[in-house]
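You will see subunit A twice below: alongside subunit B first, and alongside subunit C after that.
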Partner chain A sequence: MIFLQIVFDHIDYIYSSGTSFEKHALKDINLKIEKGEFIGLIGHTGSGKSTLIQHMNGLIKATSGRIYYNGEDIYEKNYDMRSLRSKVGLVFQYPEHQLFETTVYKDVNFGPKNLGIDKLEADIRTYEALKMVGIGEDLLDASPFELSGGQKRRVAIAGILAMKPEVLVLDEPTAGLDPRGRDEILDQIASLHEESGITVILVTHSMEDVANYVDRILVMNRGSLVMDHEPREVFSRLKELEEIHLAAPQVTYVMHTLREKGFPVNTGVTTVDEAKNEIIKGLKL
Partner chain B sequence: MIRDITIGQYYPVDSVLHRLDPRLKLNGTLLFIISIFLFDYFYGYIAVTMFLVSIIMLSRVPLKFILRGLKPIIIILLFTTTFNLFLTQGDILVKLGFLKITKQGLHSALFMGLRLTYLILGSSLMTFTTTPNQLTDGLERLMWPLRRIKVPVHEIAMMMSIALRFIPILLEETDKIMKAQMARGADFESGGILKRAKGLVPLLVPLFVSAFRRANDLAMAMEARCYRGGEGRTKMKPLRYAGRDMIAYFILLLYFAGIIFISIYEKYFPYFDFI
Partner chain C sequence: MEMIKVEDLAFEYIRRNEEGDVESINRAIDGVNLNVKKGDFIAIIGANGSGKSTLAKHINAILYPSEGTVWVNGLSTSKEENLWEIRRSAGMVFQNPDNQIIASVVEEDVGFGPENLGIPTDEIWERVEKSLEAVGMLEYREQSPNKLSGGQKQRVAIAGIMAMKPECIVLDEPTAMLDPEGRKEVVSTVHWLNKHENITVLLITHHMDEVINADKVFVMEKGKIVMQGTPREIFSRVDDIKRYRLDVPQVTELAYELKKAGLDIPEGILSTDELIRVLEKLRISQ
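For the complex of A and B:
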């Protein structure tokens, strides 16, 4: 049975309305997200990705339209917004900029402590979250400001994970990291998704990231949702993507070029592994 | 919420006021502020109001937007007017228990309220129509003679423009960190004063860290481009007075002379002495 977790019903968002700064940031967004999905959200800078995800946990209130979480209208008067924020964990861009405590442990503990659960449970969650992101015991009492960039980011992500969200939304979690740090974080997110069945929404600029990990891609352009398909389908529409200043993964381009030169390969390939198999198949023919 | 603060913000539309030289606008604002403290009677009040209304109309900034700038001073405004109203000694008009309203109190409360309002409206009109860069350019030029007495004019202007430039950045940063901490269950709204002050720690620490980081980056970027202060530095767009600025100066002088005339006239012939 499919279980609709988040539903956007005709969401519009306009900010600074009535002044010359007015901007129509989201236009008629309709969206259904099922429990356990791994979704990639892509779009050019300023296309409304960040605005969209901030609606999911009620940090921004839509100008018009309704949002349902687990079938409940979150704009209902008596809806518990704070519990929604703990259920939809939102990791902001450069989350390491929000670290503030004196030790790594205390910082990750901040979220669960705010939930009002008992201390023991909060402590267990903190340890679990730190383990999930691969922060070792030796760093528990270090100041978060002494860590490396990649470590800081993982601590910040652990701060959200410790709240045990049902949906994890990450806004460009790999921005500014080196390739190794990037792979580590994405692998950890992917295995978390697999093990706990948590819904993951990944906002990113990197087409490789989405092609490698997600099962469904949402494409935003100027505040509208223009595509909502699985990766293969999205990346086969190269022309449309390029028109809105996006691109397909590099391997897809390689395959297109090979095809043009007369090499018999399937151009619908989106990951390096698939490409390898296709080329071997082509060579055997 | 943070977007509601309109004081000191630039409002980008094209109007005569926007095109005027910033030096003129600075001088004009100063003159206007002096003028609102010159009148003490009814006629002066009419003249100043008419001048302010026409300037607001010329600026093409929506009235709603301008009035929003008054929001942060509403409490100060209420305080001063109430205190003036009830605590001034003089001829009693109304008596409510131990509170009494005097003729002089009513007069000073009314004019104090008006002056504060006009002060804010007038000076915010300058920032609405002048970009921060123009403003500091204008200030730098106006203060240039002070270099003779060893005032570091260029440095002051540079610091001012950097400070102004950082206001929107830090506001945005505050907004972002606030949201990030709210996503972690932080509560900035409820609780008593102590709890609220404590609740600000997760906001203030990251904000300071980021302010220092940005300052450091900026200093580095400036040094990388060989910035070394004002000595021998030229401007890409030097300020030059145009014809319209001369006309505006003329109008300003006319206005100021008018206000002085009215205030002298009223002192000797106070026809409208009822308030």
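For the complex of A and C:
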């Protein structure tokens, strides 16, 4: 049975309404997200990605339309918004800027403690969360500020995981990390998704990353949701993507050019592995 | 003539406790030698914490060597009397566009640098116009920087440096916070300035595709320079690059994988066009 976790029903968001700064940031967004999906959200700066994700846990309230979480209308008068915020965990850009405690352990422990969970349970969650992001016990007493960029970011993500969210939304989790650090974070998120079945929404500027990891891509442009398909389908629409200032992974361009030159290759390719196999097949003909 | 000369540079971050005693020493740069010729486009890559930014800050005399010497345009950064001239001739662009813009109008932001140098007003305006034109932002001169995209803001920051008539620009991950189009804008602007204004460029980045058109690439690890060469030389060594927590452009990786699978493909393919040409040749020879 399909279990709809998040539903956006005709969501509009207009800010600074009635002033000269009025902006229609979200336009008639309709969206259904199932439990356990791994979704990529792409779009150029200012396209509405951040505004969209902040609606998911009620940080921003829509100007019109309804949002349902697990079947319940979050704008109902008696809806428990506080519990929604712990169920939909939002990891902002550069989350390590929000680390503040004196040790790694205390920083991750802060979230569950603040939720009013009893100490033992909060401690268990803290250990679990740090383990999930691959931070070893040797670092528990270290100051978060002594860690490398990638480690800091993983600690910050653990802080959200310790609240046991059902949905994990990450805004540019790899910005500023070196290539290995980027792969490590994404691999960790992917295995977390696989093992715990948590729903993951990944906001990113890296087309290679979405192509390698997600099952479904949402594309935003000027406040509208313009595409909602699997990666192969989205990246096959090169022209449309370029018109809205996006691009496909480099290997997709290679395949399109080869096809134009008469190579019998499939252009619906988004990863290095797929491209390799297609080219070898194409050359043998 | 050398624009930048770094000789036996070491830099230590020293942490002290409340009594002022040394608690720990972190040798962030550990014996770096580097020469950059005037007009070169240099890229520096390396893992987080490898010392790239610390090195960059020495070129702008934000940090001074613990050991060794850095010369910018022949001036040692260790001598205080050289500071102003060094900071004028080697401008620096940082990662976050929002931290670098101070004025509420684009042209005033660009004019801040030369004004601070005591340049006469007429000449300031002339420089502002020329600089904004060079980065392709002239039409935005009277706008508020708030309304610009990340890539546009970075170009304004670059114009602010150009207005001080520098010989060199050091960019420390200028594209890390930008979308793909913003990244392209910034990188092509910097290449344009390098080519047409003969500006020496030092670009620090984690995006390997931004490196492929550099004249020379330096790879840093643990405070040392561990590889140097043309982009083709560097990216031919896929396994080494990965060992340093780095990567190669996706098309380079594809070519490398095809070669491993037995196709006759040369090492260090850097662009889509190159790979296509090689594959076409292969097809004909079959």
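Simple rule for what comes next: the second predicted complex is superposed on the first by the 285 of 285 C-alpha atoms of A that agree within 3 Å, B and C clash if a C-alpha of one lies under 4 Å from a C-alpha of the other, contacts with A are read in each partner's own complex, and residues count from 1 in each chain.
To be clear about the criterion, a contact is a pair of C-beta atoms (placed from the backbone, for glycine too) under 8 Å apart; a residue touches a chain by one contact, two chains touch by 3 or more.
Fair warning: this is a prediction, and the values are worked out from it, not measured in the lab.
Asks: Using the superposition on chain A described above, determine whether A:Ser196 touches subunit B (first), subunit C (second), both, or neither.
Replies: It touches nothing on subunit B or subunit C.
Asks: Does the superposition put A:Asn30 against subunit B (first), subunit C (second), both, or neither?
Replies: In the superposition, A:Asn30 touches no partner, neither subunit B nor subunit C.
Asks: If you stack the two complexes on chain A, which partner ends up touching A:Phe100: first (subunit B), second (subunit C), both, or neither?
Replies: first
Asks: Looking only at subunit A, is it subunit B or subunit C that touches more of its residues?
Replies: C
Asks: One more residue to check, A:Ser17. First (subunit B), second (subunit C), both or neither?
Replies: neither
Asks: Contact-wise, after the overlay, does A:Ser148 reach subunit B, subunit C, both or neither (first, second, both, neither)?
Replies: In the superposition, A:Ser148 touches subunit C alone.
Asks: Contact-wise, after the overlay, does A:Ser64 reach subunit B, subunit C, both or neither (first, second, both, neither)?
Replies: The answer is neither, since A:Ser64 touches no partner chain.
Asks: Where on subunit A is subunit C touching in the complex?
Replies: Result: residues 44-46, 93, 148-150, 175-182, 205, 207-208, 245-247, 249-251, 253-254, 257-258, 261, 263, 272-273, 275-276, 279-280, 283 of subunit A touch subunit C.
Asks: Provide the residue numbers of subunit A that touch subunit B in the complex, in ascending order.
Replies: Touching subunit B from subunit A are residues 15-16, 18-20, 54, 57, 59, 82, 85-86, 89-90, 92, 95, 97-100, 110-111, 114-115, 145, 159-160, 163.
Asks: How about subunit C: which of its residues touch subunit A in the complex?
Replies: So the residues of subunit C touching subunit A come out as 46-50, 95, 149-150, 173, 176-182, 206, 208-209, 242, 245-247, 249-251, 253-254, 257-258, 261, 263, 272, 275-276, 279-280, 282-283, 286.
Asks: Please output the residues of subunit B touching subunit A within their complex, sorted ascending.
Replies: Listed in rising order, the residues are 3, 11-13, 62, 64-65, 176-177, 179-187, 201-202, 205-206, 209-210.
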